[in-house]
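In this document, chain identifiers A, B, C and D correspond to the written order of the chains, with residue numbering beginning at 1 in each.
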Amino acid sequence: MKKAHNITLLGAGLIGTFYAMSIQGQRSRDRIRTICALTDGEAEAFARKWGIPKWTANMKKAAEDPETDIVIVGVPNYLHKKAITLAAGAGKPVLCTKPLARNALEALEILKIVDKSGVFAGYLEDLVYTPKTLKSIAAIKRGALGRILWVRSRETHSGPHSAWFWDKKLAGGGAIVDLACHCIEIIRSFIGKEVRPTEVMCLADTVVHPIAAEDSGIALIRFENQAVGQFEVSWAFRGGMDLRDEVAGTEGTIWLNHFLRTGYEMFTAAGGKGYVAEKAEGETGWLFPVGDEVHELGYTHMFSDMFDALDGGREPVETFLDGYIVNVIMDACYRSAKTRRWEPVKLERWYKGTKKEKAKAPKKTAKGRYSLIKEERMPDGTLKQLLQDWKTGHVVQRIRGA
Amino acid sequence: MKKAHNITLLGAGLIGTFYAMSIQGQRSRDRIRTICALTDGEAEAFARKWGIPKWTANMKKAAEDPETDIVIVGVPNYLHKKAITLAAGAGKPVLCTKPLARNALEALEILKIVDKSGVFAGYLEDLVYTPKTLKSIAAIKRGALGRILWVRSRETHSGPHSAWFWDKKLAGGGAIVDLACHCIEIIRSFIGKEVRPTEVMCLADTVVHPIAAEDSGIALIRFENQAVGQFEVSWAFRGGMDLRDEVAGTEGTIWLNHFLRTGYEMFTAAGGKGYVAEKAEGETGWLFPVGDEVHELGYTHMFSDMFDALDGGREPVETFLDGYIVNVIMDACYRSAKTRRWEPVKLERWYKGTKKEKAKAPKKTAKGRYSLIKEERMPDGTLKQLLQDWKTGHVVQRIRGA
Amino acid sequence: MKKAHNITLLGAGLIGTFYAMSIQGQRSRDRIRTICALTDGEAEAFARKWGIPKWTANMKKAAEDPETDIVIVGVPNYLHKKAITLAAGAGKPVLCTKPLARNALEALEILKIVDKSGVFAGYLEDLVYTPKTLKSIAAIKRGALGRILWVRSRETHSGPHSAWFWDKKLAGGGAIVDLACHCIEIIRSFIGKEVRPTEVMCLADTVVHPIAAEDSGIALIRFENQAVGQFEVSWAFRGGMDLRDEVAGTEGTIWLNHFLRTGYEMFTAAGGKGYVAEKAEGETGWLFPVGDEVHELGYTHMFSDMFDALDGGREPVETFLDGYIVNVIMDACYRSAKTRRWEPVKLERWYKGTKKEKAKAPKKTAKGRYSLIKEERMPDGTLKQLLQDWKTGHVVQRIRGA
Amino acid sequence: MKKAHNITLLGAGLIGTFYAMSIQGQRSRDRIRTICALTDGEAEAFARKWGIPKWTANMKKAAEDPETDIVIVGVPNYLHKKAITLAAGAGKPVLCTKPLARNALEALEILKIVDKSGVFAGYLEDLVYTPKTLKSIAAIKRGALGRILWVRSRETHSGPHSAWFWDKKLAGGGAIVDLACHCIEIIRSFIGKEVRPTEVMCLADTVVHPIAAEDSGIALIRFENQAVGQFEVSWAFRGGMDLRDEVAGTEGTIWLNHFLRTGYEMFTAAGGKGYVAEKAEGETGWLFPVGDEVHELGYTHMFSDMFDALDGGREPVETFLDGYIVNVIMDACYRSAKTRRWEPVKLERWYKGTKKEKAKAPKKTAKGRYSLIKEERMPDGTLKQLLQDWKTGHVVQRIRGA
């Protein structure tokens, strides 16, 4: 029998629910043994719903429960550092939901706490683990798309449920902190996590909701090898949750649709009288549910990787260092939105042993005077070539004899 | 800790591989402990690949392994009865892949063997368990589509890999036995499994492959409540594996695409140098992989239901009786393909305690002379009605005053 | 300047509107000069809307208008014969909407009237002329799909607007006469119009509407070369107008969606306060309009072919003989729905000079004992073959040395 | 009979072919009477193919042909000004392909030439005229999407055919001048052409082709009402021609796919041995043709608007002023790509009589202390409100009594 885990879960909101569904789903051997919520009542209700034997509103007590061997942090952003500190203090492996922190400074403090305590730490970025994403990353690593040039990651919907998300101070920001943390890690995973992000240009707006934070953001992220990532996030989108990724490389392209168009289409005039999908609008007309949300959104594969990594003595695919890098990029986005310029990505930590990856773009100064743009064999047997003439700046055509 | 199972798996082919991926996948607590293949060599190779401690080519020995508590049958059709007999003889719960048998007679014999032994028996029809299908069935049960009128289930590809599938005697038939068994159970699940199928009309052809069996089949299945099921199966389809279901009801419709259009689209000029998807054609150009095949195709939820049913002392969603009913319908299809007439579905067994469901179609003999087809409020305030006049046979229009 | 036509249009309903939009659309040189409706008032309103100089409720007068050189028949089915007789009597080219007649007998009478008068006659089956369909037919003729094995054509919506459609006596039937006439001609166009349909099996039901006619129908049409056509028609579908075709051949497949999924998707919470698309349900939520309906549905290319054929002294792609063949097939469908058996397609007319096309299916009696099903080069250099052994009925595997 | 036009077409390349297909397509009354190409031979070949009575390599002679009443400019970018000057000199209406000029300065010179001569001038931006786009613009004007917040327009493929496109000096730039001119006008049409673009941020790269020009570009365009346009253009995309638009508003969203996913899907193992679609890659596997390219891409509706506008004494939807504005925006993009900052859109001309449109975004300084973010009626009858507290910066929750 393989090792089974007993878990302390901190947080009984929507994300806690998704975690419980996933961790205790199907034939899993792992179990949540302690749930901690804001109040005893909420904790008890959650415990009863998910068959969890112990509940509390005391985070410290929950983290230190001697019967659990892992602490999962699913509390609001402003409590991540505190929760991680408690888990590390208890000497337990800690897994923290996204984003790791409200900003890079807080993320760095978290990194230091965890490094010092030496506990296993995993970053719960589910969308990097969707089955489609995992398979796409594998195909890209095998070369199916050639050199990756561009990634678009989009996550937009009509806004979150809980109050704290809308509170800039508690969350660390608005739609960017909430949604772009997903997009950034998706972009990095497709481009290659070993490739350094160098600078960002970001536009952040508050277009619909009367809030201090931004409810929309778009950014371009430049990587050291010339690849570009592009995210679009919004709390002002109508029509459901739009969750799409696009990757373009020199040899191919990948289009992923995680939510609204997944081969499941339903028209109902009666209304389903039930849950359609996260952030769905309306219960009649054409609806686009997803099959098994926790699976499609990556939660299942994410926890498998986390627990298997822990059991196997290896690092998980997503670590706190990744969470820190995401926070650094988001900080650069916020700076750029203010300065309205490209802002550098100021990384104080990076993976050990990685080399700088150079841009492989075509040289504009060829050895000779001409570069071949393309050539075509003509019906009469001649070869037609288009050449960039670097001296004159013109493109010339050359016909080579049959 | 919940109960974990130790399993004997009979069969190390493609279906055995899917079962192993699913049963031992993610954080599952269940393990295959004995694998039985046609030869010792195949058994050993499979065992090493999946971390299975024991292997053998002796089906009896495998079934009777004292260290396992469930027998899963994933051998060719002509061996189902033998394998089930061995499992029942060992007094163990037995789960059998689809189709249950080569024909209704053999299925009935299997039912009797299992009934006599009293062992738990589950029918491994994975496509009824796809997450999209499960969610759709739940929506239908909540009334989202009203009364179900019609279901289309289609499964077509370019033909199976193993020799025995093509051998009519060993398999019990061709594309119908291989593929329509899925479609029939999908159709029944959407229409309501308690609704009796009454007759079928089938067309079976051998259009491409030089074989004694059919490589294509289309059938209409009539149910007691006037609903119609329609399947289309083929081993002569080009373009990959086409796996789609459509359901139409009085209040709505559902379209499911399980394979070729699931929100995952890839173009590659380089070729992925790896597995794309089951029955995929080619490795370059536009490809349509699926995220997590065993999950998308229902294997994960199927085994969860089977093992949970066993643990909970209840019946699984799919039982051997369901498998028997499918075989009876397929027998009627083969008869119809020969007689070229509607053939009755001759069920010798049925669910206990179900009532006959009547057709709810509009009566053609109304109490009065007229039936209202539709009415519309006009701009001038009058009400425009279309009425069927049963006496004259004409449709008349009536305007009722403002 | 090319020849321009002056047209008499009989019929000012929905189909008349589509015809006017198409004939007078874009930069067309043709003009409707006389419109005939059921009443003077309707005729005048239509004339004013479309800039038509003359209007009348007198069909004879309209047909004989000396200023027009073509008569287009867009009246209800029960008036087709009368209208065509008038046009033929006036010695004018006549184009008639689908279906040609209420049944094969009436269609044959129409054929004779037109043959006798010698006027040019075109059958206005628009869906054979959609740009997607025309391009698909051309690709099939170039061999892109190999030998065509199967065609599915589906047209379903929630039912027509005008009263006469629902009246079995005036229309000649219900959903089959209204919709399957399209499907049948689409099927024939993909399989090859020169291939004789031989028999049909049909299921006709009245499932929702209290009418004497059928509101749903499914049929299989067998052709002399073993190809199978399948139509699904209904006035009981929810979700809009479902208009799809699928073609499968030995070398490929084509999927056409003409209405609900054409790359135009809109979500609106506000409602568009305007026309969405023919038979659309609702004005909010996810909607699927089409770009330019008369173009997408084939009207534009249909009239171009008709007028160009007339100007060029050639036959149009769709003739009255095609309309007659469709009626013969529909008659066989109605007979089959009653007898519940395969019914022969009794054609009294056919194209001149066409040969019988033989089935090209694999022979079940090979010259030798074995037929090769498939072969595969193995990693060790041997060739693995699957063979049908016609003597034993089994499939055998043969390995040929490296 | 409506007025018919006799046309001089300057340019016999790909765009000339699309223009001829469209202008002389279907039952059009307009005809090209003179074609001018680079050489007499090319001109004659084009003339014979399209039934054009006169041909020449002399642009002046063609423009001044006394038998034609419109001049259409379909020559490479560097010849637009010369061609327009000739047409204006001949006192003829002139229609010019996109982009109007190589840069804003040249576009302004063209505007002045045309203004001075007083001839009718139309800007041939076809993609604003696709049937889907026209219908979407109409829906947006009716309010179906509320206030427009964001538009994405994407056009990417593997690069143009003719040499001059690749020559920065002759074309005025690379992929941005070639493709973004479309995107910009699409974006403006959805946001409202009367809304001033104010500034742009652009990234231009040469990622694959060894050329002096950029082969990829991404830009954000800010409008005076806070709306944002986003274009993505590339000559380095694999998989065909990706032509998509997305519009998001406060009440809804629109997704348009003009090329690769339009309800026409074909798999062929044989290859069609013929034209698939513009910029298609490969002839086997899954292919995505479009029905009627000149119609789907807007050419048909574009010329109808141009000729109807001329006949009706009104301005066409797209004028040279629009072309100039596009050039000004593209100039700002090129500046921004160099300075790496937001660059102002420096318009020297604008529509007469338009007012400045103010941003309607939520105010961050409310009259009172609180702004309502959202409210929800709870099961116990109370009203739960989320409020932004502008004083503390926090979001507070307030429950109002049952």
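The rule is simple: contacts are C-beta pairs under 8 Å (C-beta built on N, C-alpha and C of every residue); 3 or more make two chains touch, one makes a residue touch a chain.
Bear in mind that the values here come from a model prediction, so they are computed numbers and not experimental data.
Peer 1: Kindly list the shared contact partners of chain B and chain D, in label order.
Peer 2: A, C
Peer 1: When the Cα trace of chain C is superposed on that of chain D, what is the rotation angle, expressed as a multiple of 5 degrees?
Peer 2: Fitting chain C to chain D on C-alpha atoms yields 180 degrees.
Peer 1: So, what's the distance in Å between the C-alpha centres of chain B and chain A?
Peer 2: A distance of 36 Å separates the two centres.
Peer 1: If you average the CA atoms of chain A and of chain C, how far apart do the two points sit, in angstrom?
Peer 2: 49
Peer 1: What whole-Å value do you get for the distance between chain A and chain D if each is reduced to the mean of its CA atoms?
Peer 2: 33
Peer 1: Going through chain D residue by residue, note those that touch at least 2 other chains and give them in order.
Peer 2: 238-239, 251-253, 267-269
Peer 1: Quick one: which bits of chain C touch chain A in the complex? Just the residue numbers, please.
Peer 2: 238-240, 267-269, 281-282, 284-288
Peer 1: Under the stated contact criterion, what part of chain A meets chain D in this complex?
Peer 2: 149-150, 152, 156, 159, 163-164, 166-170, 201, 203, 205-212, 216, 218, 220, 222, 226, 228, 230, 232, 234, 236-239, 242, 248-253, 340-342, 361-364, 366, 371-374, 386, 388, 390, 393-397
Peer 1: Taking the complex as given, what residues does chain A use to touch chain B?
Peer 2: 1-2, 4, 23, 26-31, 130-132, 134-136, 138-139, 142-146, 251-258, 261-274, 289, 291-292, 295-296, 300-301, 303-304, 307-308
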